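Structures incoming, each one as structure tokens.
After this come two complexes, each holding subunit A, first together with subunit B and then together with subunit C.
This part shows the complex of A and B:
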């Protein structure tokens, strides 16, 4: 067990240092205004709600599908996927920008709070993970299937809860029914 | 023959590093780091003398100097922390809390292991002990580097080299110690020795001359701003989460 944890610690450390050496993390840069990543400067205002609803809704697809032309359908799917991916990248850049600006203030603050920082960092990691999952889902299933996927997962989880309930011993189910 | 070559290359690299430290006046900037290099240099000479003429003394001398080297290494990590975060009290506080948490966790794990098996200390070989200590050191460095990266702490070339080299050395050593057999000269034995020569070459490249670290421009009015900034950040992140939810619930 100790061997495995040692191995993991060593490998993680080497990978982290590789990132440090190749990606230029911790390299001295201008402190006043860190350079923004490509596209990050454009995310001061997020996309309007109508745009987002449109990208992920099936309304336009049903219209294009109704035309019955394969080329147009393929083009529509490709373009919609690209737009959806750009949108996820924009949101991801927005999250990184918020975190970078927060870190810029927090690193020099003497009254920084450990618990607040951990909560913010956990929130940041969760959102970045969601962006990653969303990107993969858009790449594989396409933006039009996302709502369908979400409904499928919701139905599946409800079914699992129901099945779990049916495995409970009879008195428990009974008492739960009375509660 | 190969181990002789590794040993001599390490000695030459250490001497070169110390010469550059004195001629480039780096020694006054990073006294603990160069103290560590001087210690390792003296330790290599002492071990070789004892190996030739000391007979049975070699084993206790080897392990004593090895654990002293570990303590000096921890001091080097503290120097990196001190120099890098001198101008960043917020990140320094965060790093202290993270390290304290990790050391408390390691201490609790050691106490629990001793509680379960009181003979553990007698049964543990020095090699296993070193592996456990180096693992804790590796985890501490991972935590420190993560904190530096999250808060975008700018490092000068010299300090970056010290961190990279020492981290690389500890990472390699932990991996080698996982696979190294207790006896004999195998691949992992040579990899274990050669890892230090690689580290010394890296240090020599990064510490050839003094290059100052970037200093933050002026102090901001932050004391009253932190709570407000944290609240704003959380609101912005929550808003981003709201946008992402729209993708599945348009």
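This part shows the complex of A and C:
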């Protein structure tokens, strides 16, 4: 009986995570288009850690708060929210690209390890769910109290991209004798 | 084409650029604008007459691009308070009135042209956003100062 309830709880949790991931993805898609377009090169290039520290820390907010002007404070909150959402969208795109490339490599592989594939997929799902949660949290509360979650996403995304990089096949070398 | 009398490494060209040109410019933002202005709008290639006279054109271009990218990363990582200071230094060094420069910068957003090519999109967005905030903060600050200055005189 306990095992059955654990299973049900696990399935519910998984569905919840998938729901959040989908909601976050949809929210990210409906964001106001930023002035700067995201291209393939941007997706391939991870954001430096200093960015996460800057956008999600309270340092700049304390400076703006100290100025004592409501319109500047409102502008700051709006701007930081937009920048943080662009970052989340970039991370989501980076992860999706890494998974697409991984799936391509996996399809050609003859010695797939089921457990490894499940682990990678679970990491992907976790990250997409956290991106979804982060996206909703940024939209509702702003980025200033989400530094811990943002650093977690940054670390995990870099790890996935690194793991994906190690799966890339070596470039084919054409020998002189072949056309 | 090989120029045997010209030095050939990007590092040497970069040092030369830092020593002769960038060290004479006051403030990181002014340096960023200066470096961005050495880039051709149509080709995206960098050119600096003085540097090209001492180094191969390609090497000089690479040194300019490297310097541009580095100064951008330095500015993008700065706190908002520091950036406000750099924008203030830049605005104060202009022959036009501070209010006029701030107004034009807010309208035309010329700082967008100062972004290096292929820079991370989120970082670029942070830079643009911080400049916008710095301009708004400075305009507010100068408006507050105006009545104080008028009452003193």
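Going forward, the second predicted complex is superposed on the first by the 105 of 179 C-alpha atoms of A that agree within 3 Å, B and C clash if a C-alpha of one lies under 4 Å from a C-alpha of the other, contacts with A are read in each partner's own complex, and residues count from 1 in each chain.
What we mean here is this: a contact is a pair of C-beta atoms (placed from the backbone, for glycine too) under 8 Å apart; a residue touches a chain by one contact, two chains touch by 3 or more.
Predicted, not measured: the structure shown is a model, and the values here were computed from it.
When both complexes are overlaid on chain A, the residue A:50 reaches subunit C alone and has no touch with subunit B.
More residues of subunit A lie in touch with B than with the remaining chain of the pair subunit B and subunit C. Legend: residue contacts after superposition of the two complexes on their common chain; A:6 is shown touching subunit B, with no touch to subunit C.
Once the two complexes are laid over each other on the shared chain, residue contacts for A:104 go to subunit B alone; subunit C is not touched. On subunit A, the surface touched by subunit B in one complex and the surface touched by subunit C in the other have residues 34, 46, 55, 87 in common.
Subunit B makes touch with subunit A in their complex at residues 87-91, 93-94, 97, 128, 131-132, 134-135, 138-139, 141-142, 145-146, 148-157, 160, 163-164, 167-168, 170-175, 177-178, 213-217, 219-220, 222-223, 225-227, 229-230, 232-234, 236-241, 243-244, 246-250.
Those residues of subunit A that touch subunit B in the shared complex are 2-3, 5-7, 9-14, 16-17, 20-21, 25-29, 31-32, 34, 46, 49, 52-53, 55-57, 84, 87-88, 91, 94-95, 98-114, 116-117, 119-121, 123-124, 126-127, 130-131, 134, 143, 146-147, 149-150.
Within the complex formed with subunit C, the subunit A residues making contact are 34-39, 41-42, 45-48, 50-51, 54-55, 59-60, 63-64, 67, 69, 71-72, 75-76, 79-80, 82-83, 86-87, 90. On the side of subunit C, the complex with subunit A involves touching residues 73, 76-77, 79-81, 112, 115, 118, 120-126, 128-130, 132-133, 136-137, 140.
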